[in-house]
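Okay, so chain A shows up in both of these, paired with chain B first and chain C after.
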Partner chain A sequence: MEIDVEALKRDWTGFTFDTAEFEALTADLVGFATACGETAKRYTDPSDPDFQAVPNYPSRYVGRRVLPDNFPRLGGGYGFDAGKCVTPIAPIRAGDKITARSQIHDVYTKTGRSGTMLFIVHRMEFSNQRGEPVSVVDWRMVQQDRGAQ
Partner chain B sequence: MILDLHNHSIKSDDGRAKVENYCQWIKKRELGLDGFVLTEHRQFDAESDYRKLEDEYGILILKASEVETDYGHVLVFGVNDDLRAAYDFTRIDLPLELVIRETERCGGVAVPCHPGRPRVGMCAHFEAKGPVEGVRVIETLNGGSRGEEDAAALALAEARGYRGIGGSDAHIVSQIARCVTRFPNEIRDGDGLVAALRAGDFEALSWK
Partner chain C sequence: MSLTFDDVDFGAELPPIAPDVTLANVRRFTTASGMTFARFHDHEQARKEGLPGAIVPGIMSQGILVALIHRWAPGAVVRKIDTIFRAPILVDSHPVARGVVTDKNDETRTLEIDLTIQNEAKETRVVGTATVELP
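Up next is the complex of A and B:
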C-alpha cells in the first residue's frame, strides 16, 4: 500500500469537518456509569452534590460523519477500530448542552505482523453550553491493505 | 544486573502503561529487575524525565527507540541529537543498512528486534533479500513473540554469530520482565548500556 502520509496530513488534518450537539441526560449518565461498573456515587447517584459523568463518558458520542467528505478510501477499505483515548478537562454535569467538533488530528503508518497499517486519528473536542472545553476524545481507526496479506 | 531492554509506555501510540505503574508493578511483584528501557515506537522521547521515579523506586529507567526498517523493527540504543538528525525516526521504510551505519557512527547500537516475526522481523527479510552487514546484536528473546519466532531468532543468532538480548516488548504493566538481559557489571546510564552492548558482555534470559 503506497500511502503519502505527508500529503494526507497536509490536505486533511487541522480543520473541523463536523459539528454535533448533545445533551447530557441524567439517565444516560447513570446508565453509562453503571454499565462501566462504576460504583462511586458522584457518577451513579443524581442526588450526589458532585454528580457528573464518568471521565470516559464522551467516548459514547459519535458525530454525523466519521471522516470528511471525499476523504480518500485507502487499503481496499478494510478497517477496524483501534480504540479511543479520552482526556477529561472539566466535569460534564447533568443537563449540560455539549458541542462536539470533529477533525482529523493525525495520520500515520506503522508495520506489524499483518503488514502495513494506516492509522487515522479522529479527534472530537467537547465543550459545554458556556463554551468551556470539557473533554477531548481521540479515536484511532486503522485501515489495512488486504492485498498485502 | 538485570535489565529489560524493550518496553513501551503511553508515549507510544499502542502503549497502555504509565512508567510509574511499571515501577510499582516491579516492586510489588518483586520481579528482580534492576531497570528497564523505554523504546517508544518511531520516536525518541526526549522530554520525559524519570529521575524522580528512579530515586523513588530504586530502578534504572533508560530511554531508547524502536524504529521501522525495510528489514523489520529495530531497537536503537544511545539516541542523541546527532542520531536524531541522521534519519527520520517516524518513517516505516528506513533502510536497515542506513540505521545500522548511522547509529554506529553516532555512538549508538542498533538491535533488530523480534527477528522471528513475519514482516516486522529480520529473518524473513534475510531469506528474501539477503543479509545486511553490520548487524552484531539481535533480540533473541522477545516477550511478545511466539515460541517458534524466538526459536527462529536464536537459530539466526547462532548461524551468524550475533549476540542476543532479551526484552519484553511490554505494552501493559503486567508484560514487563517476561524477557530480560543480564549484564555482569553495573550499568548506570545510557552510555554504560551502549558500552556493554558493544562489548557483547551480556546474556538473554526468558522469564515467560
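Up next is the complex of A and C:
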C-alpha cells in the first residue's frame, strides 16, 4: 500500500478531533507516583504544601477516540504504542478538572527490515479548570504495512 | 541538601535504581492510572495475547525514569521527558533504570539526561531523554 504522507498531513492534522474531561484525584496521584518509586514528597504526600501530580501523570489520560473517525488504518487496527513525550507546563493539583484536546500533530514514515511503518503523533493538550495550559503529551503510534513485507 | 546545577558535571551518572515491577506493584499502578487491560496485570491473559507474560505499561516505565531523576536530585524540575518503548519490560522481572548527563545549558540552568531501562539480559528496552532544571 502506497502511503501518501503529505495527503495524510494535509487532511488530518491541525484540528481537534476529541475533547475529554478528567478529575485529578488525590488517591490516583499518590498511587501513580508511589508505584513508580517516586520519593519526592511533593508527589507522594498530600499534606505537602506543594503536593502535585508527577510530571508524566497526564500520559495516563486517553480520550474517547484514539484517532479521528475514518482515519486510514495501515495493516488494520490502531497499531502499537511506540513512545510518549511529555512537556509539563504547570502543576496539576489534586481536585483539578482537566480538559484534554486531541489532534493529529504529525504523520511520518520509516522503512526498515520489517517494511514501512507509519508513525502518527497524537497530541493531547491539557488545561485546568481555569483554562490554564498544564501539559502537552505527544503519543507516537505506529502502524505497520504488513502487505509490504 | 538537594543537588544544584553547579554540582553536576557533564557525563555524571545518576545512581541506578531497581524498580519494583512485581505483579502486586504493577497492579497498584494500573489501579491508580485506570489502565484496565489484562495484559498489564494478568500473566495468563498476556500469554493468550502472544506475550511472554504480563508487561509493564509504557507510562509506568516513564514514571520510573522520572523517579530516577528525583531520587538523584529531589529538587529537579522535569521540563520535558521523551521515552521510546522499544520492547516490553516483563512484570516480575528485575530491570535496572539508569541515567547519564549528556549536556548542560548554563543559560537556562538545564541538563539533558539520557535514560534507559534494561532487563536482566542487559537488553535496553526503554530509552529516553529528559530536560531537567536544577536550582
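In this section, the second predicted complex is superposed on the first by the 145 of 149 C-alpha atoms of A that agree within 3 Å, B and C clash if a C-alpha of one lies under 4 Å from a C-alpha of the other, contacts with A are read in each partner's own complex, and residues count from 1 in each chain.
In this section, a contact is a pair of C-beta atoms (placed from the backbone, for glycine too) under 8 Å apart; a residue touches a chain by one contact, two chains touch by 3 or more.
Just so you know, these numbers come straight off a predicted model, no measurement behind them.
In the superposed model, A:F32 lies in contact with chain C only, and not with chain B.
Shared-chain residue A:T87: touches chain C; no touch with chain B. Once chain A of one complex is fitted onto chain A of the other, the partner contacts of A:V54 are limited to chain C, with no touch recorded for chain B. Judged by the touch definition given at the top, the superposed model places A:T116 against chain B, while chain C stays out of reach. By the touch criterion defined above, A:R130 lies against neither chain B nor chain C after alignment on the C-alpha atoms of chain A. With both structures placed on the common chain, the touch criterion links A:Y108 to chain B but leaves chain C unconnected.
When the two complexes are overlaid, the chain among chain B and chain C that reaches more residues of chain A is C.
The interface of chain A with chain B overlaps its interface with chain C at residues 140.
Within the complex formed with chain A, the residues of chain C that make contact are 17, 19-20, 25-26, 28-29, 31-35, 58-60, 62-64, 66-68, 70-71, 74, 78-85. Chain contact summary for the complex, chain B toward chain A: residues 13, 41-42, 68, 72-73, 90, 92, 117-120. On the side of chain A, the complex with chain B involves touching residues 108-116, 119, 140.
Residues 27-40, 43, 54-56, 59-60, 81-88, 140 of chain A touch chain C in their complex.
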